[in-house]
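Input: structures, listed below.
Common to both upcoming complexes is chain A, partnered first by chain B, then by chain C.
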Partner chain A sequence: MPLILVEVSAALLLLSGVADLPRLGGPRATKWVGSLIALIGSALGVAASVWALTQASEASQSISWNLPGGDLDLGLDPLSAFFLVPIFFVGGLGTLYQIGYWDPASHPRNFRAHRFFWGLLQGGLALLVLARNGVAFLFGWEVMALSAFFLISTEDQREEVREAAWVYLVATHVGTLSLFGMFSLLWASTGSFGWGTLDLGGQETWRLWGVFALAIIGFGLKAGLMPLHFWLPGAHANAPSHVSAMLSGVVIKMGIYGLARLLSMIPQPPLSWGGLLLLLGAVSCVGGVLFAIGQHDLKRLLAYHSVENIGIILMGLGLALIGRSTGRRDLLMLGMAGCLLHVWNHGLFKPLLFFGAGAVLHTTQTREMDALGGLAGRMPWTAGLFLVGALSICGLPPFNGFVSELFIYLGFFRGLLTVDGASYPAVALGAPILAIVGALAVACFVKVYGVVFLGSPRSSAVASAQEPPLTMRSAMAPLAVACVGIGVAPFLVARLLEHAVRTWGGESLSPVRAADIEAWVPLGWLTFLGLALILSIGVLFLRFSRVWGRSTARSVTWDCGYAAPTPRMQYTSSSFAKILVDQFSWVLHPKGEQPQIRGFFPTTVKRHSWVEDRVLGEIIHPLAKALERLCARLRPLQQGKLQAYLLYVFIILGILLIWGALGAP
Partner chain B sequence: MRAAEFAIHLLLLLAFPPILLGVINKTKAAFAGRVGAPLLQPYHDLLKLFRKGLVLSETTTWVFTLAPAAALLAVILAGMLLPAGPLDAPIRFTGDMILFVYLLGLARFLIATAALDTGSSFEGMGAAREVSFACLAEGAVLFAFLVLAKNSGALALSSMLRGVEEVEWGIAAAPLLLISAGLFIVVLAENCRVPFDDPNTHLELTMIHEVMVLDHGGPLLGLILYGAAIKLYILGALLVQVLIPFDNIGPGGAPVFVAGLLGLAVAIGVVESIMARLQLRHIPYLLTAATLFCAFGFLLVTR
Partner chain C sequence: MPVLDSLLIVVLLLNLFVLGTSRIYAVIRAVSVQGALLGFMPLLVHEKIGIQTALLSAATVLLKGIVIPRMLMHAMREARIKREVEPFIGLLTSMVLGAVAAGVSVLAARELPLAAGHAASLVVPSALATSFTGFILLVTRLKAISQVTGFLLLENGIFIFALLLLEAMPFIVEIGVLLDLFVGIFLIGIIVEHMNREFSSLDTRHLTTLKE
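Moving on, here comes the complex of A and B:
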């Protein structure tokens, strides 16, 4: 039953954009009809997937179609349901958000296309997660990837948008190519595209490692794993904000889903795989947060934090895989629960932050943090909700980020102890890394919040800033509530986590004990202390502000008595980040223009500094240039004549015919 | 019995910390050949601040007034996770050491954010320094916790700090001494003492903590200074309990614990008297050293 409901909601979402295509809906209908259909689909989807998750129900279904590679096999189990929840939840809130954010009146050129692909994206995501064989999976994967491309390039009149979209397209195609390779390898090893237990035990090692390497490249490119993240900052920064929210909150998690699904089907993963994932995760989270600190563009900064959080998620997955290879149930449970819960958590606070950034962009028309400032007074709702998101992403208690990081921390600590099985001290190195990443994230979000929302306005862009429309605010509020909710009452999701982890872990989790998560992680204490902290802060604040209200005077900020302070004298985002950027300049290679100041009365000079993506700038661009030069030699073949092309086809077919006749494998 | 222990623990946590500042100042005065302020001066200062009125900057918002109170409560909650010598922590559970670190992180986030609320470059500088230098310190603390967890086989602060004695001190001594050295540097850094920061300086450009709170006055400043004193107490208590095996001392441990903390305060005073502060750009090196001390301790226990 839940499977049917999920399919219905996916179909509703797929069709929702069609209602907005020209000639189908009138000018008045466009604003609401498609959005309403999509909202109904999302609500139904959330209900169905939560239902499936609480019941731990498993269902599958096979629809025959005339495509090579097998039927359309669909299925729903707790692991799928776990990833379906954010698809429908964030998707639904994004639909609500875009009513105010991308309305037909102010975007007449592209809103219809944008609505169409927005629906398509969500339908594709749902199909991908429901897929139960390689072909169906790739089908959903490509629908997702291509509709994301069209959504990123929504504002294709701007050059930077086109550039970001092309980089994305290349990256996603390379990823898809390696997934084709991976599924072909699996097909060669098991004889079908179907999923089940992929027993690769009897195969040669190179096949096993080939599957793993191709999976890391294919899924890692989508997930934005460093150094495969190069497409991500540009794409997230230049897409419309609700698309950024969806990309960051949901789409990149599909890389994690794919990896988790594949690993769940391999019965005896080598121990080194887990270690490798742990290492890749550590590189991603340190690299991601360091590059985030160097950014001046609000959305680009948030995008780099996605790289960081994917790293944390991957560290959890690596820990769980180590647990499975070594038979340590505690590592498996804590690692996978941390990984999955962080998938949800990041899918809550990152869309919240992107929605907040979108609200700022909507009203000030700039993403440049150093042009903002003092927005808290002008848009108090957005500022308050953004603060919840900022505290959550730093993993601070009593918000949700802390809970998932606690799972992973406890996994690292338990790896050090000899509880049931040998100890793995190297695993414990993850704990200090995670702590340093957490402290760096605090530094980064103090900067973001302080520079964007606090202080005084740095430019005229802020002067007319105001709260976004109600639809946009009401899309943010549920996310903030969920962030606090999971942070204060994690026991609510413990059961759901358990179901999903058990689906992933398979037999290695037996004998199954129901209360495992509660036994290893003090969820009750988190609730008690979280409530105590929130209540006592509230009481103290109210109590004191009443007393102080009577004797409060207002004055200027201390300026050493300087006669003409201006808002431009405030600390900017780059000055705030300078210490850390300098300290890690060996990673970041910050660029800058430092003009010379000469003479007694120098003219006005401008200083500019920035941190570029090194993978894109130093590897991908040179590589692409070299490839372009190489391909230029093939240009004579490109005649522009249909006859010539048909000849090429004939020649290739002929070669294949001869190859086949000679007895190809 | 539990209730009495709880009350004493809370009393120590809430009432004892300011005297540590008094001891540090007395020590520094003795080194300089002065009489110095009375030991209880910090209490008088706090009381004075709480009775004052409030002047707020025109640019500030609710963040500015909320942050000091919230940060103070976060620090107090962190203190309640930590045992006090022979007294068990009122709150203890698996994984409380992570909550301990993150509550201090929450306090740092709030204070630094409130600093940026004033829109002043001075506060910006202070906040940037505070959050940047904390990154290395957190790594050091986590390495220290890993050593304690490995030594004791436990994952809660109360047991981690006690279980040390179950191992032969001789074997455990080297890693414990290494993490103690690291933690001592962290105590100095996190509480903005010399050589990281000079609490007595009056030049805004060179300060870290003090410059973050330039625009806080009256009760808000009182809350922040009180919170800072408690933070000094809890980080000091962590270090003292790594160094002194309270399980072996038995019920007479409470005076030893207090004496240990006072001794630590004297040590901080001595460091402040005989050392100059470091150049700001050299601070990361010393913090890296602290992290490495603790990391080497970790390597020793995993061998």
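Moving on, here comes the complex of A and C:
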């Protein structure tokens, strides 16, 4: 039953974009018809997938179609349901958000296409998660990947949008190509595209490692693992904000889903795989947060934090895999629960942050942090909701990021005390790396919040800033509530997590025990401490608000004796991050123009510094250039003459004829 | 079947003539004569002539021998062109190429795995040779009309090959192929007219500007 409901809601979402294509009624009608269908679909989807998750029900269905490679096999189990929840939840809130953010009146040129692909994206995502064989999976995967491309290139009149979209397209095609390779290799090994237990035990090791390597490339490109993340910052920064939210909150998680699903089907994964995943995760989360600190573009900065969070999620998965290979129930449970819960959590706070950034962009028309400032007074709702998201992403209690990271920490601590052998260094380094990343994330978000929302406005863009429309605010509120809810009451999701982890762990978690997570995590204490923290902050606030209420004289802050301080003398996003960027300059290679100041009365000089993506700039671009030069040698073949093309056909036919004549028995 | 073979030799000679002449009218006439000859061949291949074979023959003669050549002539009159100027390679060279292609076809036909009855006759070599001639025409000529004749020769080659399969191939397929050909030429006639009006030339080299 839940499976049917999920299918119905996926179909509704697919249709929602089509409903907007013909010009039904005026712009007012078009604004609502498709959106309402999509909202109904999303609500139904959330209900159905949560139901399936609480019941831990499993269902499957096979629809025959005339495509090679097998029927359309669909199925719903707790692991699928777990990933379906953010698809429908974030998708639905994104639909609500875009009513105000991307309305037909202000975007007459592209809003129809954008709505069509927005619906298609969600339908593709649902199909991908429901797929139970390689062909159906790739089908959903490509629908998702291509509609995401069209969504990223929504504002294709802008040069940087086109460039970001092309980089994304290349990346996603390379990823899909390696997934094709992976499924072909699986097919060669097992004889079908069907999913079940992929018993590769009798195969040669190179096949096993080939499948793993292709999966890491294919799924890692989508997830945005550190060396493969190069498409991600540009795409997230240049897409419309609710698309960025969907990309960051849901689409990149499909890489994690694919990896988790594949690993769940391989009964005896080598121990080294877990260690490798831990290592890749560590690189991603440290690299992601470091590059985030150096950014000036609000959405680009948030995009690098996605790389960081994917790293954390991957570390959880790596830990769980080590647990499975070594038969350690506690590592498996804690690692996978942390991984999955962080998938949800990142799918809550990152869309919240992108929605907030979109609200700022909507009213000020700039993503440049150094042009903003003092927005907290002008948009208090947005500022408050953004603060909740920022605290959650930093992993601070009593918010949800803390809970999922705590699971992984506890897993590492348990591993530290008990694991020995080859995977020990990976496990031992996990906790310190998570701690470093947490601290850097706090620094980064202090910078973001301080520069964007506090202080005084740095440019006239802020002067007319105001709160976004109600639809946009009401899309952010549920996310913030969920962030606090999971943070304060993690016991609410513990059972759901257990169902999903049990599906993933398979036989290594038998016999089935209820309350597996409570056995290792003091969930009750988390609730108690969370409530105590909120209460004490509330008390402090009440106490100090009386003090603040007494004197409200406004004046400039201490200004070092400058005669005429201006808002531009505030800390900028680069000056705030300078110490950290300098310290890690061996990773970041910051670029900048340092003008010389000469004479007693120097003229105006400009200083500029920025941090570029090194993978894109130093590896991908040169590689693409080299490839282009190589392909340029084929250019003479393209004559533009009909005769030449016919000659090519003729030559090939001749070769085939000769081959046929010689090769015939 | 001496009659069939002698007809096929005429077909081969017509191929060489098409490659050797510079007048487009002559090319079209030669192709129409070839088409009409092909139309009679099904009657020779079959032992007993049914109504379907007769119909097919009549339709082929009508279309290939009369209707299509007339359409091409009309298109040419509209475009006011008489002769092919400067083909990519000289007329003599293309004729030699055609002769070589005919020789290669005879050799290749001997190597191909064919049914016993077919190996001896000239059907397969002339089919291959006619197709090759069509290819040579397509690749070396510049005017759109000459290319259409190349396409017709290519189709003639396939038709000759189909003589082997006449019993196996349903009537409807044969008629369908003829209809396709007719529609194709009809469309090309229209395109030629438009091309002429747009570029005031039928030189396909102008199409190079469409290159990316």
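The rule is short, and it goes like this: the second predicted complex is superposed on the first by the 608 of 665 C-alpha atoms of A that agree within 3 Å, B and C clash if a C-alpha of one lies under 4 Å from a C-alpha of the other, contacts with A are read in each partner's own complex, and residues count from 1 in each chain.
Convention: contacts are C-beta pairs under 8 Å (C-beta built on N, C-alpha and C of every residue); 3 or more make two chains touch, one makes a residue touch a chain.
The structure presented is a predicted model; accordingly, all values stated were derived computationally and were not measured.
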Superposed model, chain A: greater residue contact from chain B or chain C: B
Which superposed partner A:Leu410 touches (first chain B, second chain C, both, neither): first
Which superposed partner A:Gly640 touches (first chain B, second chain C, both, neither): second
Contacts of A:Gly224 with chain B and chain C, given as first, second, both or neither: neither
Which of chain B and chain C A:Leu657 touches, first, second, both or neither: second
Chain B - residues contacting chain A, complex: 53-59, 61, 63, 65-66, 69-70, 72-74, 77, 91, 93-96, 98-99, 101-103, 105-106, 108-109, 112-113, 115-125, 127-129, 131-139, 141-143, 145-146, 149-150, 153, 155, 204, 214-215, 218-219, 284, 291, 295, 298, 302
Contact footprint of chain C on chain A as seen in their complex: 638-644, 646-647, 650, 657, 660-662, 664-665
Footprint of chain A on chain C - complex, ascending: 88, 108, 111-113, 135, 138-142, 147, 204-205, 207-212
Residue ranges of chain A touching chain B (in the complex, touch as defined): 373-374, 376-377, 380, 383, 387, 391, 394-397, 402, 405-406, 409-410, 413-414, 416-418, 425, 428, 431-436, 438-440, 442-443, 445-447, 449-451, 454-456, 520-522, 525, 529, 532-533, 536-537, 540-541, 544-545, 547-548, 551-560, 567, 569-571, 575-580, 583
